Each structure stands twice: as C-alpha cells, then as structure tokens.
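Dropping the structure in here first, questions after.
By written order: A, B, C, D and E. Residues from 1 in each chain.
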Amino acid sequence: MPAVKEIQEKMRARAGELLRDGGVSMALGWKRGEFCHDPEPAFFESEAELDNFVYDGFSSPLLSKYLIETIRKDKQKGEGKGSKFLVFLKPCDSYGLNLLLKEHRVERERVYAVGVGCPGMLDVDKIRAAGVKNMRSFDETETEVTIHASSGDKTLARRDILLEKCLVCKGPEFAVQDEVLAPGLPSFEGGDRFAGVTELESMSPEERFSFWRNELSRCIRCNACRNACPVCSCNKCVFDNPQSGVQAKSNADSFEENMFHIVRAFHVAGRCSDCGECSRVCPQKIPLHLLNRKFIKDINAFYGAFQAGADAEARAPLTNYEFGDVEPGAVVKRGGGA
Amino acid sequence: MEFSYFPGCTLKTKARDLDETARLAAEALGVTLRELPEWQCCGAVYPMSREEIAVRLSSVRALMAARDEGRPLLTLCSACHHVMKRVNHDMQTDEGLRTKANNYLQPDKPYAGETRVVHYLEMLRDEVGFGEVARKVTSPFKGVKIAAYYGCMLLRPSAVMRFDNPENPSVMEDFISAIGAAPVRFPYRNECCGGYVALDDRGAARKASRRVTRAAAQHGAEALITACPLCLYNLKENGGGEVPVHYFTEFLAAALGLKTLEGGLARAS
Amino acid sequence: MPINAESGEFKPMIVAFCCNWCSYAGADLAGSSRLSYPADVKIIRVPCSCRVNPLFMLRAFQRGADGVIMCGCHPGDCHYTSGNYFARRRMALLFSMLEYLGIEKGRVRVEWVSAAEGQKFAITMNQFAETVAALGECKRLEDLRCQP
Amino acid sequence: MQRIGVFVCWCGSNIAATVDVDAVAQAVKTEPGVAFSTNYQYMCSEGGQAIIRNAIAEHKLTGIVVCACSPRMHEATFRKTAATAGLNPYMVEIANIREQCSWIHKDREKATVKAIILSRAAVAKLNLDSPLTAGETPVTKRALVIGGGIAGIQTALDIADAGYEVDIVEKTPTIGGKMAMLDKTFPTLDCSACILTPKMVDAAAHEKITLYTYSEVEKVSGFVGNFTVDIRKRARSVDADRCTGCGDCMEKCPSKKSKSEFNQGLSNRSAIYIPFAQAIPNVPVIDREACIKFQTGKCGVCQKICSAKAVDYEQQDEIMTRRYGAIVAATGFKTINLGRFEEFQYAQSPDVITSLEFERLCNAAGPTKGKVMRLSNHETPKTVVFVQCVGSRSTVECGKTYCSKICCMYTAKHAMLLKEKYPETEVYVFYIDVRTPGKGFDEFYRRAAEEYGVRYVKGMVGKVAEENGRLRVQASDLIADKQLVIEADMVVLAAAIEPDPSARNLATLLTASMDTNDFFTEAHPKLRPVESPTAGVYLSGVCQGPKDIPDTVSQAGAAAAKVIGLLAKDKLVGNPCVAGCNEPLCNGCSACELVCPYGAITYEEKTVMDHGVREQRRVASVNEALCQGCGACTVTCPSGAMDLKGFTNLQIMAEVDAICR
Amino acid sequence: MRVDEKTLAEDIVRMSGTNVKKCMKCGKCSATCPSFEDMDVHPHSFVTMAEEGDVAGLLKSKSLWKCLSCFACVERCPRGVEPAHLIEAVRFFALSPQGLNKMKPDVVPIFLQNLEEKGAEVPQQLLTSAFRKYSK
C-alpha cells in the first residue's frame, strides 16, 4: 500500500500529465501554507507550479466549491471556452461536488474529477493537546504520525489525532469521479455520528439552551463556516443582501447569533453532506456540525435515510413530501428525532 | 400457542363439561391453556354504570395477571368474555376508571388494558384456523343439522366486542362446518334467552327461550350449541326441550375423537 | 410584549400565519360565528402555508413575539395541491431544531384548519394563547434592541 | 414614499360597537406614509366608496388601506373603487377589523388596540406595495363532464346547446346512470325511461357532445381555463365503429352467469353484454373477468358469430390527452353496503330487498317484467313492509349521519305503485319522520296514505326474522306505544345513499375538497352551490349532496350556466400576485422548479447583469400564466431570489414588525 | 318537577354515560326489545323520561326489573343512545338505599329447592348475575 508521500507524487505526476496534454487548463489542489499543518487550496496552471503541490494528512479543505468561481471567471473571459478543470477529491469531498453538480452550480463537462484515497485527516488541536508545541514538520503512515517540533519529536497513533469527521467516515467510495488514484485506503468509519446529537437531545431544555447559548455566543461572524461549506454557495447570501430584510453583517445581539446559525443550518438542511468543514474551520471552535447533524438525524427519522450528495438524482427531503409525513406537532411532542 | 385461561365460576361446578371438553380439545389442537393461578369471579354481569369501580376490580386483576404472564387471556363462558372484554375496553379508553382502578389495586405496573382478550371461538377461528380444526377431526358429524345459538354477550355491543358481525355472525356456523356437520342459520340465534331474569320471572325466560328453540326446530335443527352455561340452562330448562342443547366444545371434543357426546346424538356416518 | 403592559397581567404577543383559502377563512368563520379568542392573536394572511418562511417566524420572535402559530389547509386539501406538504416538512424540522436549541416547545405550533372549522380555529387559538401565556415572556430568542 | 389613505369602516354597529373607529383613524395618522385618514358608517356603500374616490383625488393618494370586514368579503369591491379613481387596484390593503377583531372581542379597549395594530400592519404592507398588472390567459373552449347520469347528461346538453364542445366521461359501458334503472318518478309518476332516454339520445346525437363510455379520468393538470386531462378509454373488446348492435353475440355467449349490474344483481347477463336495451352507445362490451376466451383462451364464439367483424380481443386501453377550460364533476351515488344492518336480514333472506332492487322489480323492462314477486318463491307478496332510514341519520359505524333526502318520496311512490298493481296488498311504511319539502311532495305522500290506504306507522323496525317461510317483522308504533309484529312477505329497505366511490380519487385529481362524507364541497354553501372551491371545477348532482331528480336537473343546469359563463370569455384575467425571480440572486439550483405544483418554473441560460458585470447564467424563469401564487418556491429558494408579488418577503416581514412593535 | 328530582335525573344520566339528547325518537329500541310486552314503560320512553327528569316515573316502573340486559337496544340504536345503560343506572338508584334490595340471600335455598325438584341445574352464573342485578 502506498505511503501518503507516494500518493502525493502520483497526484502531482497525474496533474502534470493532464495539464500538459489532458485537455485540462487548470488543476485545483493544495499547496503548502504558512505552517506544515495548514495546506491551502490552490490553482495550478502549469507543471512548474506543481512543485508546491501538497497532499498529506492536513489536506482537509474542500476544493470543489472553488470551481464555481473558476468556471464563472473562465466564462467571463470568453476565451478557453469549454476548458476543463481538474479537481482532486477525497472520498468524502465527492459528495460536495455531487451536490454542486446537482444544483447546477458547476457543469459536469467542465470538471475532471480525480479521486484519491484518504488516510484520514489530522486534527491539529488534538496534536497540540498531546503536548506538541511549534510543530515544524511531520512524517505519516496510515497508522502513525511522527511530529517534529520545538518540543521534541513525538509519535502518535493516527486514530487518536483524527478529525472528528474522519472518525465517522462515510467510507472509501466516491459519489462522483472520472478516475481514482490510490483507492482502497482503509477508512475509520463505524463511529456513531449522531452520538453528540443524541446526547444533547437527552438533556433538559434548560441545559440545551445554556449549551447553545455558551457555544453560539462565541460567534464572531467571520463567515468561515459559510465560506467552507460546499452548499453554502449563494451568489449573494441573504445575510449580505440589504434587500433581503435580514441583512446583518455582524452580530449586534444574541438573537442574531442564533438567527444566523439557525437560518444557515436550515438553508443547508437536506443538502448538507455532513463534511464537517464548518466546525473544523471555526476559529471559535463552535460545534456547528451538531446543528447540521440534528437536521440530518431528523430527516432520517422522519422521511427515511438520506445522504445528501450520494446521487445526483434523488430529491432532497425538503423538496419532497409524502401524504403521511409526520406532523410538526407530533415532532415537538416527542422531542424531535429522539 | 399459549394462553392464560380464565374458566370462571360455573365451569368449575355446573358446567364442568364445558371446561373439560374445551381443555381436551385445546390440547389436541396444540393449544396450551394455562389456568390463571388465583382467579376470582369475573363479576358475572358488566357494570353499566360508570360509577361502579369495585365490581370491575376482579376482572382487572385477571386481566393484569395475564398481562404479567405475557399471554393473551382466553375465556370460554360468554358472560366472562363479555365482562372481561368490556372492562378491558374501559381500562383502555376511560381515563377516570383506569385511574381509580389502579388506585385501588396499587399494582407494581399500572394496568391500561394491555391484555388481549380472546374467546375460545376466536382462538379456533383466528389462531388455529377452522381448516386446521377440520383436518384434525376424526369423527365428523356428517349430515347432522346443528344450529348455533350465540346469545347476546358475545356479540353486543359490537363496537366493543368486535367478535363477529353482530346481526349476521358466522364463526359458530363455520365451526359447525369444520366438524363436518351442517349449520342451520335461524333468525333468533342472536336474540336473548332470558338471561338472569329466569330467577325472578320464569315466565319471561320461558317466553324468550321458547322463541329461540322453536325457531331452531322450525329451521330443522337437530341440536343447538352454545358457549354459555346460562344460555344452556335457559334453553334446556325453559326452552321446552324440543331440541337438545350442548356446549360447542362437547361437539368439538367428540369430533376430535376425544370424548363421546353425552346424550348420544345419532350420527349419520 | 403587550402594548398595555402596565396592567401587570402578562399578555402574550402571538403571531398567526394563516393561509388564505382554508385557515384565514376558518378565522373569518370563527368571527362570523362570534367565537372569541384572545386579542393577543394577530393574523397575517399568506396565500398558502408554504409561503411561510421560517425566517418570518424567527423574525416575529426577534421582534418580541411570544408565540408563533401557522395554520394551513388539511393535508390533501391544499388549494395549491401540495403547498402544505412542503410547509409541514419545513416546520417539522424547524420546530425540532428550536426544541434542540432549548426553546420552549409550546411557543410554536402548526394546526390544519379548514374553511369550515371556525370552531377549531377559535379553540386552537385559545389553547395556544393559554400555552404561551403559561410560558411567559419569550426570553430565549430575544433581540436586545427591541426591548424598551 | 407612498401617500396612503386609511378608511375605517363602522360596518354599522358591527365594528363601531366594539372598536373605537375614530381612535383607529386618529392613531394611524402618524404612521409613515399616511396622508389621510377617516371613518365612515359603511365604506362598502356607494357613499363610502365616494369618500374613498374623492380622497384619492384630493390627497393624491398612491394607495389605500380599508379597515373593515374580511378581505375575502370586499377586497374586490375596494380594488374596483381604487381603479375607478385611477389607482392601481393592487395598491389596496384591507385590515380585517370585523371578523378577526370586533366580532370576537367584547372589551372595547382591547379590540380598539388590536384594530390599531392590524391597521398599522396593513399600512406597513402597503408602504411596500407596488402596482401590479394581471396577466391574461386564453380559455380552452371545451368542457369535460365526468359522469353520464342525468346530472352529467343535463349539464352537457345545456353547455352544448350554448354552442360549446363537451366531452362526457362515463365509467360504465352506457350513459344513463341510476335514473335509467328507475321505474316511475315522483311526484308525477311519469315513466323514468320515457323522460330520460330522449335525453340520452340527444346527448349521443348532439354534434357538440362526445361520449367516452367505459372510460375514466386518469390525470388532471393545469388550472381554470386550461386543464389538461388524460382519459383512459378502457378496452371494450368490441369495435364501436363496426358494431351494429344486433345482439347476436350476447345471445350466443356461453358465459351467462354474471350478475347484471343494471338489474342490481337480480338477473344474470352474458360476458359480452349491453347493460340494457336502450343503452347508449348500443355497443356491447366484454367483461374480461367473466369471458371464457379471456380466462381460458378457448371460446371465441362471439367473434365467430359477429357478421360485422366488430369483436376484437386484442383491443387495448387507450389514453387520450385532451384540453378543457372547465370540468364538471357529476359522479353520482350508490346505495350503502347493508352488511352492518343485518337485523333486517338483507343478506340472509331473499325477500328482504333494497328500494333500488324493488325499483327493478317494478320496472316493466326489469328482470321480472314488472311483476313484483318474492324472490324466494316467485309469488306475489300479500304484505309488504317498507323500512325508512336504513343507514341514514345514523351515527353508528357504517351508517351515514345525513338524511338521504330521496327515500321518503320514493317509498311513497313504491307504496302507491304496489297498491296500483296489486290493490289487495297490505302495505306498511315505518318512518321516523316523513320529509316532503318539495312542490307537490306532501300532497303525494298524503295521497299514498289517504287514497291508497298505505299504512304509515311512526316507529322503526327492530328485527326481521324468517319464520315459516314468511318474514316476522317486529317494529314499534310510537304513537300507540305498542310493539307491532307483522307477518310480511317482503321487506323493502330504504338504504342510505353515499357518493360513488370513484369520487374520492377524482377529488384528489381535481384538488377539489370533500366533506367528511366524501361529498364534494361547494365554494359557498348558499351563494356558490354549484362551484367547487377549485376554480374551473363545477359540481352537478348527488356528488355534492343527496338530491332528487328535479333538484339534480336544476343544479345540472346551474353548473352548465357557470361553465358557459367561463367558456364565453376569450381570456381570463389572471392573478397578478405571482412569483418572480430576481435574476442576479438566482443560483440556478432548480429547487424551486421541484416544488412548483404547476410546472410554472423553467430554467434558462440568460445574460445577467450583476454588479455591472454581464454574464451568462442559468436562472429561473416564471411562466406568469401558469403560476398560481402559492409561494412554495419563495421559501425553497435559499438566496431569496424568488419572491411573490403582493406577498413579498419584505411585506410579510413589515407586517410582522408592525404587529410586534 | 322538584329541584332535587332534576338533579337526580341528571345524576342518573351522567352515571349511565349515555347522551339522551342524541335520541331522535325513532323507537328502534322499543321495536327490538324482547321484554317489551312485560314492560309498562318502554325503552324509548325511558330515554324521553330521563331527558325530561321524570325520575319518579322511572323508579316506580315495572320495566326496571324486566330489562334482560341483552343490549339489543344498545346495538341497534342508530344514534348511539344506550337505553339499557339508562335502565341500569335507574336500577342502581332504586337499590342504593339500605334494605331496598329486590333479592335477598335467604331466598336462594328456595330457588334451588324449587328448581331442584325438577332436576334442574341452576348454574352459579345465574345466581351471581341475578344478585348483581337485583341487589347492591
């Protein structure tokens, strides 16, 4: 089985090939950020630029959403009509791309999707919590990660420092792809992704309220969650639109913190693929995925199991109905999907 | 198939035949009847007044015991079935009665009508199936014309009893066919035999019972069957003796070859 | 918050969204049958329950409402065939979410009221107003700016 | 900024008694945009409307708020008023301070405060109103009538006579319905067939009427003026164009054991059959369930015998898609299942029959050629008992809570017919009430009692028992406080009637509402009795509620008049409150398209200007002729690109804000 | 009608759990009653009298002891009125005061004796039901 570094090289080589003569005018991948643990999404237009290409345990950010702007700009230029864009997808990223395709945000024929196996993405906070300070570089295998830092070298079990989303991995399959590199990496699926929701549901309303008050009051409305979300891709968000009647660029008060997050969760309800990026990117560490997962849990309970982005055809739960659907009163009475 | 079994007072005394033949037949049909260990009288009549709690309690005890045994409750006597089923229905639907009864009895787990009350005939129809009964019959009553007398208690009020079509029932006729005999349908099979009034006003009971037996005879019945000791008593004692009256289980046990029919009805075969 | 709060007695502020074809007509029937319900209930007419955006409900709370109720045609009877079905799903999820956030569940309600159900409309509004009054002022979804 | 006029109506004392109308008018003066406010006794009166018109001119108003009764009552009136004064009719808002305020509150202070708040909300909404113009849609000048009984036939004839095309869809093989089964009709005792068959022939011969018998409506889409309907023409297995109606096939058909539906099962028919001699079309149909050829493959007699070569075993169901401007439901009724009323022994004795069966026995064209006989022994009954209200006015399971309306009269008719044919017969009628509100109806009933000697007994029958080959009827005579026992030969049950079961599905297809008994609901019980609340759908006959023939025919004519009124228009003025897409905001996600019940939203590639940048985008586009203005799309749209004119997001939020202020 | 009689009538109706206002005077209860001939006040009149508060008439009626509790009237009433329940409730009031039991235990041997002479088999069920119906 290939080590993560080998996969990176494979990807780099394949991107080079495709840029050279594969009919792809640009590749979307990751490049090294300021630190070793924050690779950032990047566009690669030539083979030469690929020197900076990175794929490792921190290549968590989703890339597909950048296709919207890329294609739009390409169209505006009016040149290069029909050019294709290469995008790299980890298995779970493919759901996000599928949603963008389904909602016509991205045209399928403009995308060349290369799936890559994923060793499980790492959580820098967990590494820090393990006593690592000033991480400089790291070596990784599928099971272990050795970190070189000013606090000394440290080897940690990969499972112990995985991102939350990887502990409840959706599995190694791709919802959409044109080709797959390094398939078959083992995933860490099997966790109960609704455990956090269930725990909250079992609390008293007062406890829940104070939990969320505490969490949401930290929101600084930086919009990082919105920017990271693959389905939060409106041309103009209602919260930015002065004509919407609910415009609010900052939180003037506690209500607006609630409002922003309830409305955002509602707008992506039935469309959220549960990629977990919102929580990961939140600088205030608000567990936003617990809002989205509540909707997912309810949807599964009320209307049957549904995985947004799993296929391009199925109707989203909120654009669908059945005569015998549960009544809102009954939902409230029994305390949601609990 | 296992049931908690509530025989009721008369089945231990004057209606031993009913109890005995029912048990024999059940065993032969693969149905296990487990008599409730400490049953008391069902109350004999359903208290129609909503204020009467105490007289409902003995039924509730039996129902609750069956619930705790985790089995449906099987009844045989029509009156017991009537009372059990209706009290159970009260416990399901009447919150006031439920609360009061539970307050009296103080059970570990309050009773809310969870037990399913099943009459022996319903058991034959829905659990065993008349097809199966027919297969197990060894001495069919071929050609014998039998009229089924349902009486009141099994059928009415149908909204609660849910036993059969209250005005055109068929379960006993199907039973008669299953034991190889010919069912005789007659219009008074669901009219009253006189019931408890027999004790106070024999004349009234006579009038009611005679109407039943006469109609059965007129329609050519050679025998009448019933599930109720009181009906049997009235039809026999006050019905003029035109047609012999038996418990349906007597015929069942005889057809299954378990016990000969007392009074010996001529068999065509 | 009530306009005449000085009386001391808590009067809840309740917004009712009613679809034009069934529930608003049901409210009219309650009126023409002189079936009373608290004046705290103020009705907003919408063409269909599916026109009610969860945003509107949150907006009402933001502006000080203590309870919000949505009424529409019975499932199967929507004037627009399917509007109430979509509304039903939206509200089921929204209500569950509000409860999850710790908002008292009695503050929101959906009721299907036909044009013929004036009595049901009045009974519903009386019940709802009673429930909301018992919960008191809505503090958990407040907007500080709106407080006097 | 708008210049708004607020007009507070007293509605006589309806509003003014509970609401301080002057205080309301004063309070709204300070609202933003309000340029004028006043109050008046009756705003809807000519005087009130004049005040509005004058104020619009005098104060140069851009919009008006009328604080009065429900908008469902007078919104249209005030829109017209505004229009005559030169305002856009959609610059009108109504604050409902009667139904939703003065009528339900007693406390004057509370009611006044609430009226002020409701008026403020209307002002807040009006501030955001903009003039709207209604679109127009053409009307398809053809009507569909579903059901070919007397109701459907009459409606179709009236529409066709006015010069419009009509299609009748009938699920059985012939038109005629229940009326064709009847013998005589009350209160004139004229022969049912004599008055119905000419109408059937007229319908068949009318150049504007097309009959689709043995057919059913399968799908309905569209809206008033523009319905598209799929009709399933079930395979008759007989080519209607070739068939001469000679009847040889029926004679030779070896399968003759099927119950005749037309004769209520009192006689048998062949597998290939014409329901009755005067059936229209006079073309047989093969009942494939009963046909030996279809069941075993071995027969084919009818095909061999048919000289016209009309029998076609290969015929398939055919789906036709047709367009209509209006649809009339005329699905009629059936008698209820009597399974739960066996105290009358209906299932257990052949001599206990329903009134409709009695009708067939009386009918000279019926299975007994008009001889009334006991079905057990074919003897003429000497004593006949009629039982009224069997299943009607009953709250028990399987009963009907309503009065079936026709039974009292047809029973009087049956009693008389019987007495006329067999004067020696003893006839009893057991009734709870005799209900005879109709022209000549009570006289008819009294004639039965007085001239024909029919014994009317107030009381109900409690039990019927077969005894010695006769029927022992046990009943009560409430006036004498006696229990009667009658030895009868025949018992006739006036079984309750209920809507035809096909109506339920049809209601779903038409999105027309039904009451708890599955009768179609009318748009207004008094003022719009032949219209369904769904525009363009009309009601004719018993599908709306129990009716006798005169009522049915008059309602059928009324429904036709409504249809003609619709079809006479070339264009329908639509509802201007339709959805619209703010293109720069549209993401092109198609969510709105999925929830639109009218298929009014399509997506197209369009050049959009966004922040001065011109680009090609996939955006939603609303077909305003199809849009009915429900607003489902507006809530589905996450970016708020979809909005609904007349009920915009900002307007509703302004109302919320005004109420919660 | 005295006030206490009116209250008593209301009590009886409430106890019976039946809604006498639903009665539409069709007489089906009386038509179906097997004891009609032995009754002085007939089932439909029971309902009307209860509705009118005529308790005295009900209490002294012979019919009180003639109802067989066969539920035919209950089953066949088209309006869900339960005349048998009403009769039972009146009977309850007639028996409630001390010492008014219609049947006393000391009569049992007589019953048994008389019947036994004819070789009868009086079932317990009959004794129990009769006592439940005739005494409190």
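The definition used in the following text is that a residue touches a chain if its C-beta (ideal position, glycine included) is under 8 Å from a C-beta of that chain, and two chains touch if they have at least 3 such contacts.
Here the structure is a predicted model, which is why all the values come from computation and not from measurement.
In summary, the chains found to touch both subunit B and subunit E are D.
Minimum number of contact steps separating subunit C from subunit D: 1.
When chain centres are set by their Cα atoms, the one at the greatest distance from subunit C is B. Ranked by separation of Cα centres from subunit A, the top chain is E. With centres taken as mean Cα positions, subunit D sits 49 Å from subunit B. One simple way to say how far apart two chains are is to compare their mean CA positions; for subunit A and subunit C this gives 37 Å. Rounded to whole angstrom units, the spacing between the C-alpha centres of subunit A and subunit E is 76.
Shared interface positions of subunit B, i.e. residues touching 2 or more other chains, are given as 158, 166-167, 191.
Among the residues of subunit C, those touching two or more other chains are numbered 54-55, 59, 76, 82, 86, 90.
For subunit D, residues touching at least two other chains, in rising order: 343, 396, 463, 595, 636, 649, 653.
Going by the touch rule set out above, the chain pairs that meet are A-C, A-D, B-D, B-E, C-D, D-E. Taken together, the subunit B residues at the contact with subunit E in this complex read 8-10, 13-15, 41, 43-45, 48-52, 55, 77, 79, 152, 155-158, 166-167, 191-192, 194-201, 204, 208, 211, 228-230, 232-233, 237. Chain contact summary for the complex, subunit C toward subunit D: residues 3-4, 13, 15, 20-21, 24-25, 27-28, 30-32, 34-37, 39, 42-48, 50-56, 59-60, 63-65, 76-83, 86-87, 90, 114-116, 122, 146.
Taken together, the subunit D residues at the contact with subunit A in this complex read 582, 584-591, 594-595, 603, 610, 613, 615-616, 618, 636, 638-640, 649-650, 653. On the subunit D side of its complex with subunit E, the touching residues are 343, 389, 393-396, 399, 432, 458-463, 474-478, 481, 483. Residues of subunit A that touch subunit C in their complex: 197, 200-201, 205-213, 238, 245-246, 252-256, 258-259, 262-263, 265-266, 269, 291, 294-295, 298-299, 302-303, 317-323, 325-329, 331-333, 335-337.
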